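Which chain is which? They are A, B, C and D, in the order written, and residues in each are numbered from 1.
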Amino acid sequence: MALLDIRNLDLNIYGVPVLRGVSLSIAAGETLGLVGESGSGKSMTALATMQLLPRGASARGSIRLDGEELIGRDERAMCALRGRDISMVFQEPMTALNPLKTVGAQVSEVFRLHLGAPRAECDAWASQVLERVGLPPARYAPDRYPHELSGGQRQRVVIAMAVALKPKLLIADEPTTALDVTTQAQILTLMRALVAEDGASLLLITHDLAVVAETADRVAVMRRGEVVEEGETAAFFGGMTHPYSRALLEASTHVPQRRPRVAPGTVPGTAPAAREGGPILVADGVVREYRGRRAGWFRPAGCHRAVDAVTLSVAPGESVGLVGESGCGKSTLARTLLALEAPQGGRILFRGRDVSSLDAAGIARLRRDVQVVFQDPYGSFDPRHKAGRLVAEPLHLLRGEIDAAERDRRIARVLSDVGLRPEDAEKYPHEFSGGQRQRLAIARALITRPALIVLDEPVSALDVSIRAQVLDLLAELQARHALAYLFISHDLAVVRAITDRVLVMRAGIIVEQGPTAAVLDAPQHDYTRTLVAASPDLARALAERRTRAMPAANGRSADAAVPSA
Amino acid sequence: MLAYVGRRLLSLAVTLAIASAIVFTVMEILPGDPAEVMLGTNARPDTLAALRAQYGLDRPAPERYLAWAGGLLQGDMGLSYTYSVPVTQLVAERMWVSLPLALIALTLTTLIAIPVGALAAAKRNSATDVGVMTATQVGIAVPNFWFAMLLVLVFAITLRWLPAGGFPGWKAGAWPALKALVLPAVALALPQASILARVMRSSLLDTLGEDYVRTARAKGLTRAQTVRRHALRNALIPVLTIMGLQFSFLLAGTIIIENVFFLPGLGRLVFQAITQRDLIVVKSVVMLLVASVVVVNFLVEVGYAAVDPRLRRRV
Amino acid sequence: MAHRIARVLSLALVAGIAGFAAGVASAAPRKDVTLGVRLEPPHLDPTAGAAAAIGEVVYANVFEGLTRIDRNGAVKPALAERWEVSPDGRTYTFFLRKGVKFHDGTDFDASDVKFTLDRARAADSVNPQKGLFAPIEAVEVVDPATVKVALKQPTGRFLFDMGWAAAVIVAPESAADNRTKPVGTGPFTLATWAKGDRIELARNPNYWGRPAALDKATFKIIGDPTAAFAALMAGDVDAFPIYPAPENVDQFKADPRFKVVVGNTEGKTILAMNNGRAPFTDIRVRRALSQAVDRKAVIDGAMYGYGAPIGSHFAPQDKGYVDLTGRYPHDPKAAQALLKEAGVAAGTRLRLVLPPPDYARRGGEIIAAQLRKVGIEAELVPMEWAQWLSEVFKNRNYDLTVISHVEPLDLDIYARESYYFDYKNPEYKALYDELAATSDEGKRIELLKKAQEKIADDAVNVFLFLLPKIGIWNAELKGLWENAPIPVNDLTEVRWGE
Amino acid sequence: MTHPADIAPRVPRPFVARALAHPSFLLGGAIALVVAAMALLSFVWTPHEAGAIEIARKLRPPSTEHWFGTDQFGRDVLSMIMRGAVTSMAVSFVAVGIGVGLGVPLGLLAAARRGVLGEAVMRANDFVFAFPALIIAIMLRDVFGPGAVNAMVAIGIFNVPVFARLAYGAALPLWTREFVMAARVAGKGGALITLEHILPNMLNLLIVQATVQLSLGILAEAALSYVGLGVQPPQPSWGRMLNEAQTLMALAPRLALIPGTAIVLTVLGLNLLGDGLRDLLDPRLARER
């Protein structure tokens, strides 16, 4: 008999259907990977199982745990169940812990609550559990507060709470999405080991097929509140039947078609800027520091060096990748290169001229030639303006040079360039989907006909299928307009797909650089190696899967990150 | 932490120094002469001059400023023109009315607001919630002095349970003194409590939407347990901020309420001192009020650190 | 709704009263009294401050002068047992009481009198009524019980003046501290002063005269009329000798527990006009205003009908009074015509400055409405005393103001140079000088009448009413003053009913 | 996790439709409209001449001739209430105007420039906050004389830091938003960005706050007039009516109850309106802060 058996689950939130006839089951000791894009209803299925649905939700159907119906169960009984028989790990470890209580106390609370044991005893058990998740009390005192731990460590604490009482079912909702790749791998390994040890079942919710391929025994795919396909993992990846599953798989492994890189100035019909020879933008030993808090009245304030003597150059038509984990200084470097912030050391050269010496006209020239696309498709547009006005904003740099008719022509052109319709100029940003908005952002960057576009994590916030489309678009535009890209990302797969050259950045320093394929296939620097090894890779995961026995738990080492604050 | 406190203290001192200069200047501009008020309509010019000399009002302004500010630094607020006693003594006497009044009001505010706000948040959208929200909405709209008048009408004039005004002094016994403070404190507390209850409610609602509350629920805590053990303390942080701000409103409110109830407190003292042009009292008491607001806000900030471990190391 | 609440309220009041009356049991006469006063004295030295509140507490109770003014406004002996005036009226010899001690135990003698008078006259004197001492040329101690005072010129009202609160006798040992620790010769000593709340006096066991009937007297400071009402109703205070809210008097009148005595004061309430400033330089304008103001409406509206109308700067109870209230009958039409004649355009704007007391604020509002009817827009400018003193009284920067002159027999102010209403009439000055130098009673009365008529004729100010002294006290309480020739609360004869 | 908001289709109904379904907005708006209408009407018509003194008819209870009765000077209370609404509204509006006019530019400047200037502006604001407002008002009165203008200035001064803080607090996170970054990349300067992006995006916040300050202004005007610092007679004011009614509490409590109720209702109406506007006007930016 299945441990968890969901039958024909319908869920409405304020009358809006969210889940339709969802049926899933998980056997004891089994790991089910639940896959789907955002809004597909994965999380709601999990919350329905926990009976922690948001306000206004009403569920019909049946959810049985060990044969006992959970829907409509008395709240008191549910409370006794939660944390003991079913527990859950959430996506965002930074906010999942109460900031005002020590981690020890928060773990200990699980024991106190369900076992009612004296405090000292619970604290001792808590220490044991923390040790089990790789936070040995000797090194990570349980009287620390959450803010003193890194994201990965916090996620370990959340996991400790979840596995404290060895539940029958552990639900993990995108448990690693918010983490850096290296940490992500460690957390996944840890979770696999823990459920294996305890013989628990795991419902792993993720958007990442590679993660599922690595971890799950069976896979279910959800789309628009329905389960579209379900099967044993190997068989699933071997022979998907549903078109959506196939599309998902296709998108996950998608590599855009790129023309081979051409030497600058040799392609006929490229933009004039591309023919001018020499790199467009050069960073020469750039340093960017932020002043920390002063340690005392007479001691100077400590400095945080976000960017430390970085040297790089981008030639016309070239696509350069900049890879690193969050907080390594990528975005700061981008802002400095865009002349939005001044470097404290080193120089930035725009077409051979030091940016700090440029006059207003020179800066305007720079801005025309160097445009940017940001990560967040929601935050990069002023919600009060129409798409046409937003896209045309950089034409401010050309004021006096072009008239209204030309402006409208350009808007229409860039909109169709990015696959939107000229009529879309009359819409407001909220009327576009996330992927369309990112297209709009690209259109905005294109409108001054730049030579270089800095792309700061342009596809990270997008679902896989959309991501593939946007990458295709970027590749196509690069070819058509002979654009140079500086592509900033934490995702090695994306960087591999779209760049010629890659720089690996860690803690403000470029640790390795070279042609993309060479760096990623044969990394020289330790850090790059770790990064490559940790990155989820569907093909590799499937290959490993075939040969792998269940690995021994090796999650006992805490992640390397230093506590923040 | 120490360095932070030191830095804040320094800026506090600068603030007070500027405040003292402003207060002094305003007093200089203020029309009217304390000597004239003291001596009335039959005073002769030579008598007025003699009295001014007695007060040292004939000396140049910068000299007087330095003398006053220097005195303040040593805890000497000068000698009241009208009462001929040290201002410190006056302030000390009045403090025994104002401070208990403010504290009672603040306590009442907190005792009413926090549970009521928490209840409304916990029972969101219930009849209780709607009732609380309506009541607090009205509470905010009621001017405290008008409320004071109504309280007097009902409890002092009609029912005669409590005095309509005045203060018998603590020597008359704790009970009569407290009785005299009940109505003023209630009048002060009601609008403040209404505001605070709403802040508490929305803060708790925000907190209840936090991820860690969901984590706690996933651990098996009931809603009530979650509120008690996890949400409440977190929700109190913004409440603390508002309470800090309210202190200055409370002080301003005290001035009016003390005048409605004729309580011999600091507010009334400064009010009378202005009309009598007892400028030395006005200057010193205003400085005291400014200082207390600044200091309270400082304490609130330090108080965050006590509540919130995230700030303990950083500040 | 409001009406019903009012009815419920008055029912509640009646019920409360009944309950109260039932609860009062007759016992041995009480030996203490609590009086309500509206204003707290800034300090307790009447020789160093003008506030009437000082005298209301200490005059005749703590401090005594050579003479004293009694409840009828007459001069009576006090520390001076008797006196002799030289025929030329320039030398006064005071024969002092013997065996009088100050509260601190020091003896009272002639040297104290000399000290007091010299101190008040000195260059660094801060006496608010220094003018009272201006006629003094020299003070001579004849023997410990005799003082001779020489005057520069005969001064008809010198004995009266020596009875003022500002002329009380103080001792050199304690004079400097009298503001906070008053040391006098009176039947009461200061017991405690709880600032902002009350002042308690205790009987002086060593008093030279007839000992006071009370052991203890408390002056409770109740500034708020509502609180005053409540305090009287609740029995927290036994009397409010100068009750601040005429609007509540009827409620007390209807209550047998209380005695309501509406007496008079010397407070001549006037609408003062700045005679030195246009348009009031023109007598027609001043007369027009006198006719434009409806005195009765002002008294009814501002004072709820309490307060005797006056037609000149003279209190009806004082000797030599002439009724001049009919001199300018209320007649807006005539006033309008007069204004037109004087060339004052309709809609002329004037500043009507109002000091803090209710009579001024309320009266001013009513007067402004009346003036509007004759085409004068009076802008109301309320001021605190401090500002009023400097703006109006000192700098004469005003057009109109409402004010009550509480000093008795103060016709002299119309003869003063550059007084705030800036009345300049040599005829009147001559008249007053003659009056001042005259001691003959019949002649004085004749001159007083002339002076009153002159002021009224010239319409120096618009004369409104005499400030009433509304006293409300427990019906059992005896001996409080019914009138207030000077603003004091003499407790020497106060006792509980026999 | 997936937010319900992502699942529920976002079909923003038109503003008017949502407004008409919002109870507190409707109630608040209705009260505010009634008060405003009353104030406007009082310019052309009041049941009796507002503020006309007639001692002979003083302290009359409510009747068909005088709906709310007459006061101690025989003035018609209803007419006074109507005209008092003008005073309340005028003082409050101008005070909010002062606060917005000075505070918002200061806050925007501080946010655009940050650094020493920003710090200085915000410190100065804290400074004003620390002063006991009423005492400042009393001193202003004594220096410049009492009156409506003074009340406006006194209340206005204390509105300045409120709006400066609000503008600063709202602008600061906006400046780090990517669309502002994009505008900078488009070569736009601080002033232009402030005008095009920062200000419009905090407009709703400002409108809501202005409504709240408006109601606080009415309370403040009442308080100032109550202690004799506000508008002067014969101009009617609710606060002064309360002051004058105080000694008549035992005699005619309605004289205190009526103006007090007028104040409470007006403030309540504006607060409800503010709450409603907060809900109705795009709340996204406010939440993201």
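Note that a residue touches a chain if its C-beta (ideal position, glycine included) is under 8 Å from a C-beta of that chain, and two chains touch if they have at least 3 such contacts.
What you see is a predicted model, and the numbers here were worked out from it, not measured in a lab.
Summarising the inter-chain contacts, the pair of chains with the most C-beta pairs in contact is B-C.
Taking each chain's centre as the average of its CA atoms, subunit B and subunit C sit 39 Å apart. For this pair, subunit A with subunit D, the centres built from the Cα atoms lie 46 Å apart.
In whole angstrom, the spacing between the mean C-alpha positions of subunit A and subunit C is 87. Centre-to-centre spacing of subunit A and subunit B amounts to 50 Å, using the average Cα coordinate of each chain.
With touch defined as above, residues shared between interfaces to two or more other chains in subunit B number as follows: 31-32, 149, 152-153, 157, 274.
Residue positions of subunit D touching 2 or more other chains, listed in rising order: 142, 246, 249-250, 253, 257. Shown for subunit A are the residues that touch two or more other chains, namely 90, 92. Two chains count as a pair here when they touch; such pairs are A-B, A-D, B-C, B-D, C-D. On subunit D, the positions that touch subunit B within their shared complex are 123, 126-127, 129-135, 138-139, 142-143, 215, 219, 222-223, 226-227, 239, 242, 245-246, 249-250, 253, 256-257, 260, 263-268, 271-272, 275.
Those residues of subunit C whose C-beta lies close enough to touch subunit B in the complex are 9, 12-13, 16, 42-43, 48-51, 123-131, 179-180, 194-198, 220-224, 226-227, 229-231, 233-234, 236, 356, 384-387, 389-391, 393-394, 407. Interface of subunit D with subunit A (complex): residues 1-2, 4, 6-10, 177-179, 181-188, 192, 196-197, 200-201, 282, 284-285.
Remark: subunit A residues 13-14, 16, 18, 38-39, 41-44, 47, 54, 56-57, 90-92, 173-174, 335, 338, 340, 363-364, 367, 371-372, 374-376, 379-384, 390, 393-397, 430, 441, 444 touch subunit D in the complex. Note for the complex: subunit B touches subunit C at residues 31-34, 36-44, 46-47, 50-51, 53-54, 82-85, 90, 93-94, 97, 149, 152-153, 156-160, 163-169, 171, 260-265, 268-269, 274-277.
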